[in-house]
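Please find the structures below.
In what comes next, subunit A is part of two complexes: it sits with subunit B in the first one and with subunit C in the second one.
The block that comes next holds the complex of A and B.
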């Protein structure tokens, strides 16, 4: 380095400035393409009424199960065909992004918050607290996640709230396990020992010293969880336990498409493709973020 | 000692199972829907309802209900299914073999598929072939069984309709079985036409469950293999003039398989959990499909039995993994 300054390299945990992190992220094609797709979905969700060519709820039995444009017997104006009730598949997929993204952001965010807090406590305080939280995680892991989510929604009643609560209740363990391990590792580091010696309070050490070093892992994990949440919502919609059937959801469309798959394959194929692309995008974004933000992997 | 490990894990497993039992029991008792109200005809009198509740033990106070259920469970009696009017133990016993055959077949396919691709990827390492495998695999890693199952439906039931869409076996062939392990029994008794029919029914659900696990195996095993290929013992074998394929299969694989084995065990529990939705999509008559029906119908005794059964399977898999890893790695045996 030409401009070597002692202050920037004598500490073990050099904090890179925010602009440099963003610049590095924008150089990663994975992050740009996948992130761009997520932004595109957000725009679709927000501006759905402006973008969708048809009313997603308008039924027209005369044009039911019309195939996508380019196939025989397609209906003009219905680009990706119509479903069993003559509703426009494209418009329903566009409106479906609303439920999917709401669940992705809210459910994953809350699961991250609760799981990380418990993980921080377990990893930092150890002994009794750790034993208690770890046992709780073990009990949770003994449930098949899909079964537990269906069980929870059956208990809570159907609806978006229940779906979100179910995902949070199930998936906090993912964050808890990773953050616990990370925190345990960080707590052994010299800088934490130093902070202890200087006499920092335990709260200050936990939230001001350890937490910022766990955040990179957390951001990547959060992105991956968003992809998982989208699939869980689709599964619950598929089983008929998510939002009411007047709200278009990908899972609801997939369930209907599965029923009439021999008459109208596009009713299943279109929302399935949307779900696939979204899950892959969240995953690739999470992968890219993990690589770019993790100081160890970067080297 | 290995024995201490087993006893330790079993004790932990009992605590975990007890926790699962309590959570499910409490959860189900706060369900708003009354299971008895759903199964009785609208004209029934209050006395009829009370009698029915008493029959299923739903009129006693909660702790009493739990105690009755718990003592039942310990003696292998999970009560009577409200919707099927059969003993839960009998229902589970008749449905479990279908799921076990499916899950084990999927595990087998995943290991075979993931293992071969990982080995192939190691043989072509640092070439365009490896880049292609890595690129495709990084996308496949993101795709869950639910999406695979439906994509397979579109592919093999609609685009190229060569596989049956639903069920486990052609109903006309499902005669003359003494066990519920149809696939194993038909192969052992030499009824290969029947076995072929069962395999064609199982192909799509098996693949849907196997592919996500295969992707995980490819990534981890290939990484371990590549690391092992750089070790001295491989170099020595190379100097002796062994061929590349033999280096990978005989020298590297043996030493690289440990981490993959441990992870495959953990992932196998996810695979078993995945049977719930995959069996639903293909109307496959296992415990997963049964579980969704039980929850939708609020069949308390059946749900409790099913969740405990799933919990038990998960725990047994985990113990099995720990033991295998401990046996393979002597240093951990005393842990």
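The block that comes next holds the complex of A and C.
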């Protein structure tokens, strides 16, 4: 054989700039703005007692339905006005983030965990396992989700844990379907065959080779699911099936505001705006993450 | 010829999807110690099926109907999945065909290279990482540290194939299956990769089963060659003999089909129809023979 000569394969073949995942995410305006808003909400939820200007439960019937500052007859100290019982709307919205975000993170996280595990197994092992899990998903999805959640909460009793269980029980299928399809696609790839020829166990192939390729889709889906969980919690609060009425929730505030919307629109508008902004933020964040994390698209 | 390391004996396979059509017809071949054995043929001739059979990754629609694949005194076809897993990656490794898909896009090169070293060679994470760097150095990659920290999409095709070759030979297997390792590459890169495989093979005394459709590539790298047509070994022997004095009409036709720059362009020369007809008759006679023998 001929002798080695220096070849063209040098460092020039490596892309000069190798931005880390974090750096790439920080360049995406969607991720920065929406993610920043979510971080802001988390701070509000954690530090609610320090940030809220008033006690969210303190009633004062003398200053009931006071409009936000800047409108006629507004009360100093009540920036976004008061509700029908004279409680501070701003403080109640701030405290309301606690329930919303708890549900968003815990319920979406659990649904993601259960749904993705089943999806990974269905997509990777195929045949009997896939048949079993896929039929289960089909049957599950035949139930109308909102009715099913109301039924579940009615059976389990109201409270935060019931709301979380209801969301997990309904929405795991969303993760299962997406992860199953994604796993099936990845399992056909050459790198999986290559891993098999090194003699890796099936578990190692599934969790070390395939899972990292499913994670970007999963993170995006998880973020979207958080938005959905916030809405479902608001719906359940609205119909009085969430936490007890002495805990401020956006859904509960919307229900109260609906009754006096002609006299005091802000009681309805403020929690509605908070809900809207939160869901939009989660959706945009999911979108941005899906784009930035995809290993094939990021070139 | 040296001591055989891999000997395939009368390997037969059928396609379950395609009306039980035979894919391999009693193919026998041996790969000696530190020898490169070329497996040539057009697409569908069964080259890859043989490679996959050795690695135990036969697709579900293909069924092995007979023969054995003997490696170090054991028939690989009769090993349990666990026993085969122990052999793969330690004694037998694969250099895959397409470097753009054979590396996991979501994992860095160091993670992918150290997996096998830790699992099959028992190295610690730190040792494996050092070894991976040394291996990349051995395949003429100038900045191993940087490549180790890269994702596959940040490397060129040639670089990825070097990484895959380094990974395969780094496990210090006795046998490497190279499944068309240069087909997806540029001609200029091809040559470098072939030299690389040959030099690593010589240095480590590795046996290589080299699958290719390109006689030119086989001529450069292989000691022995088997020519396959429709799953039947039509000609076999030392590369020099087969290429300079082919006995079988099909091999002659294959050689003639290879474009060459040292003779006038005679236009594209497909395999002559009379050669194809003769081959098909030969295979039909062979099939009839095996049928009667298995019936009797």
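Here is the rule we use: the second predicted complex is superposed on the first by the 276 of 299 C-alpha atoms of A that agree within 3 Å, B and C clash if a C-alpha of one lies under 4 Å from a C-alpha of the other, contacts with A are read in each partner's own complex, and residues count from 1 in each chain.
Methods note: contacts are C-beta pairs under 8 Å (C-beta built on N, C-alpha and C of every residue); 3 or more make two chains touch, one makes a residue touch a chain.
Every value quoted in this text rests on a predicted model; they were computed, and no experiment measured them.
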Query raised in the report: Does subunit B (first) or subunit C (second) touch A:287, or do both, or does neither?
Result: first
Check your understanding: So, does A:189 touch the first partner subunit B, the second partner subunit C, both, or neither?
Key -> second
With the two complexes superposed on chain A, say which partner A:269 touches: subunit B (first), subunit C (second), both, or neither. first
Touch test for A:213: subunit B only (first), subunit C only (second), both, or neither? second
(Q) Looking at A:150, would you say it contacts subunit B, subunit C, both, or neither? Reply first, second, both or neither. (A) first
Touched partner set for A:142, first subunit B, second subunit C, both or neither:
first
First (subunit B), second (subunit C), both or neither touched by A:197:
second
Tell me the contact category for A:161 with respect to subunit B and subunit C: first, second, both or neither.
neither
Per the touch rule, the subunit C residues reaching subunit A in their complex are 55-57, 84-90, 92-94, 96-98, 101-107, 115-116, 119-120, 140-143, 146-147, 149-151, 153-156, 158-159, 162, 164, 171, 177, 188-189, 192, 195, 198-199, 202
Subunit A contacts subunit C in the complex at 1-2, 4, 6-11, 13-15, 18, 189-191, 193-201, 204, 208-209, 212-213, 215-216, 295-296, 298-299
Counting only contacts in the complex, subunit B reaches subunit A at residues 12, 15-17, 19-20, 23-24, 27-28, 30-32, 138-139, 141-144, 146-147, 150-151, 153-154, 157-159, 165, 269-270, 272-274, 276-277, 280-281, 288, 291-292, 295-296, 298, 303, 306-307, 310-311, 314-315
Listed in rising order, the residues of subunit A that touch subunit B in the complex are 135-136, 138-139, 141-147, 150-152, 154-155, 157, 227-228, 231, 234-235, 238-240, 254, 258, 261-262, 265, 268-269, 272, 275-276, 279-280, 282-284, 287
